[in-house]
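Each structure below appears as structure tokens.
There are two complexes below, and they share subunit A, which is joined by subunit B in the first and by subunit C in the second.
This part shows the complex of A and B:
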């Protein structure tokens, strides 16, 4: 666990966390100040139950972006600084080494997501939504599955691709995964080659939104679909397998 | 060449075995909990819609039954057709997302997207605002939409709309012809002859304000028939004056759209009101339907409201108008007759 702790300490030294806190505060202020003027069918959206799914959507995309930013350079940096050699001579396996660094990425990504999510909980507390607060922790565990998967996928891909390519691929993975239901709808609207293309993307990229949306369902008292949560965990598992399978040549 | 063989320790074997087992358990759980058919939410929506038949019977349109029409829900891959107490899965008839009454073989069916698709569509259409659309369009609205489209299926199946009978075969033929031609659609008429003509648009806006005033005014509420009658006469004069500036085709398109969509919108509103319960339903109905009666919208949307307003006025002037309704006359003709009858 020493490798993971060091990687986490580096995160804290890099002060990434402060940027995330700023974004979190901004979200809370946006929701509470009334600056976010939103209306549906001409009706102003001010109710917590109406604002919450919207804010959760925004947070999931922001959280995914932050997960990529936090996870993209961790492993390549270790190799560039030749820190990896110091580890190899101690007989640590590549899988274990990558695994601990990836775990540090997941912890920092989920931690960042929690700061953003805390904004929703503060908003709920201010609005006196005690029912929502009570479900806050289990909902967060569900909510964080997709962000953890994005972080793990980024760690795995960063092993074999240059940073720019890995960043673009992971951003595409995260966006297509988060927008899965929208892409499914688009696939029903377009025709011909476009439809085949969208369907191919849907086939390749897992539905990251499904698990995330269950957190919002839990908070708002709607039915939670176990299938979607298991799907999210399965994606996490496959990303873990990817990390296990992909190797660095330098090692 | 010497081969090196990796020997796994007992602990490593145990870890790998646990990892494989966890993966297999996750996969099995995911498969077992998967729903390959229609979502329970959609089944519930159809059941709720069917249970509202007594409410619709009370409205008064004779022989209009939801159970007479198959309701197909399209999830982007398949249609799930609710009919005769069964749900049939089939290849989609209309591979696009639309709420419509559509010809299938020798009959008309209601086709709507599944709730999940509808929410997603609204997200697409409404951008960021649409992301919160779960609160704007929910199960109750979807149920009301089923009744709206079923009403169209009934209009097309059982009536001649202003003297014109449209069989499923005619409908299909028309669509095939229209797709190959660049002819003017109803929507084109409305754009060209109303929306893009400032003076006509202004006059129509004035008419819509007057209609709203009649419907929501105290005369209607207190049953002052003479006052309502005089306001309707004023309205009809304005409307006829405006239509003189339009071509016959465009004026007829207006009348037809008001008749078909206005009545369907009227039924939809009553269904939604009943679903939400007396207090909340009444408030929703007021906010969503009555207060927006004068909302001008390019294209067909405004005629839904104009038609509905006329239905509500007919409720006051001629309460039995639905019992003999056969869609052969426009709502204007029916209004004129009702006004004459209360002289």
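This part shows the complex of A and C:
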């Protein structure tokens, strides 16, 4: 676990995490100050149970973006600055090396997500939503599956693609994954080549929204669909396999 | 007894042969030099020996289960670590027990001439990085040391100290492969070596075999192809 600990230490010393904390504080302040308001058909939505799923969606997209930013350069940096040489010669397998770096990416991405999520919990506490607070930890575990998958996918792709291409691909993966229901609606509206294209995206990109929406369901007391959570875990597993399969020829 | 032997090593980069059928053997306990101008294929050869890049042909045979220490040409460490932490990190990758590592690290830093282990690596001079590179190569007491330009970036005194350290390592029975441009240093420390140009073996040098200096031989061979 030395490689993972070292990569995490780099994160902490580079102070990336403080940027995330700032974003988290901003979210809480926006929610609590009423600066961000939502209205449906001209009626202002103030009910916590209605605002919360929407805030969770925003956090999930933000968390996905942060996961990509935190995971995109970790492995390529090791190879570019040649620190990989001194790891390879010590007989550390590529799977172990990349796996530990990817794990550090997941831990820091999920940690960043937790900071953002804590904003919602603080908001819930202020509103006196004790029922929500009680389910906070299990809901976060469900909520973090998609972010972990985005981070793992980014780590795997960054092994073989240049940073720019990997970043664009991962952003597309994350956005299409978290906006699956919207894309499904779009596929029903458009026709011809556009429809085929949207349907192809829906077929290729896993539904990340399905798993994370279960966290909001749990928090708001709705039925939790276990198969959606299992689907999220399956995506995580497939991304792990991708990391195992993709290799570097040179250190 | 051979510590390491390379047979017919070959490496092709973008259709250009950078190492072309190179063969040599390194005996146990000797200091062996890889000599040549820039782009001769020395670092590529070292990387193939270490398995950092795949070979396009040939074989590398090493003694079984030998531990190899490697000091790279341009040492780069995680900039947020200090010298001690760098050694702790690489020591942990070698599965050296923590207690043993705690004993080893001060001795290694001292041997490499790095008194200050608290400064962050990002504030190190090139010479300090070279010393730290040597210290990490010595972790776990390896039998074979591969030093790629160990005195690059060092001032005159630093170079002398580095060569003294390498000589003392040889006296301790370590087998050493050095890649260096500084022929005077090589002549003082090494027993044998090879001169290569564009990946081809030009000459096998042995200390005391000829009355000429290594520099004279080098100029003749490198200039003559």
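Keep this in mind: the second predicted complex is superposed on the first by the 250 of 251 C-alpha atoms of A that agree within 3 Å, B and C clash if a C-alpha of one lies under 4 Å from a C-alpha of the other, contacts with A are read in each partner's own complex, and residues count from 1 in each chain.
The rule we apply is simple: a residue touches a chain if its C-beta (ideal position, glycine included) is under 8 Å from a C-beta of that chain, and two chains touch if they have at least 3 such contacts.
These numbers were taken from a predicted model, which means no experiment stands behind them.
Enquirer: Does the subunit A-based superposition show subunit B and subunit C clashing or fitting?
Expert: Aligned on subunit A, subunit B and subunit C fit with no clash.
Enquirer: Contacts for A:81 in the overlay, against subunit B (first) and subunit C (second): which applies, first, second, both or neither?
Expert: Second partner only.
Enquirer: Of subunit B and subunit C, which one touches more of subunit A's residues?
Expert: Answer, by number of touched residues of subunit A: B.
Enquirer: To the nearest 10 degrees, what angle do the lines from the C-alpha centre of subunit A to those of subunit B and subunit C enclose?
Expert: In the superposed arrangement it comes to 160 degrees.
Enquirer: Now for A:90: first (subunit B), second (subunit C), both, or neither, which partner does it touch?
Expert: second
Enquirer: Is A:15 touching the first partner subunit B, the second partner subunit C, both, or neither of them?
Expert: A:15: touches no partner chain.
Enquirer: Which partner does A:230 contact after superposing on A: first (subunit B), second (subunit C), both, neither?
Expert: The first partner, subunit B, only.
Enquirer: Going by the contact rule set out at the top, does A:191 touch subunit B (first), subunit C (second), both, or neither?
Expert: first
Enquirer: Report the closest approach of subunit B and subunit C over their C-alpha atoms in the superposed model, as a whole number of Å.
Expert: 10 Å.
Enquirer: Does any part of subunit A touch subunit B in one structure and subunit C in the other, and if so which residues?
Expert: Correct list for subunit A: none, the interfaces share no residue.
Enquirer: Can you list the residues on subunit C that touch subunit A in the complex?
Expert: Contact set of subunit C toward subunit A: 47, 50-54, 68, 70, 72, 74, 76-78, 80-81, 89-90, 92-94, 136.
Enquirer: Report the residues of subunit A in contact with subunit B in the complex, numbered from low to high.
Expert: Result: residues 38-43, 45, 47, 49-51, 53-54, 57, 181-182, 184-189, 191, 223, 225-227, 230-231, 233-234, 237, 241 of subunit A touch subunit B.
Enquirer: Where on subunit A does subunit C make contact in their complex?
Expert: Its residues touching subunit C are 2-3, 6, 9-10, 13-14, 81-83, 85-90, 92, 249-251.
Enquirer: In the complex, go through subunit B and note every residue touching subunit A.
Expert: Subunit B reaches subunit A through residues 22-23, 26-27, 29-30, 33-35, 41, 74, 76, 95-97, 113, 116-117, 119-121, 123-124, 126, 128-129, 131-136, 287-288, 292.
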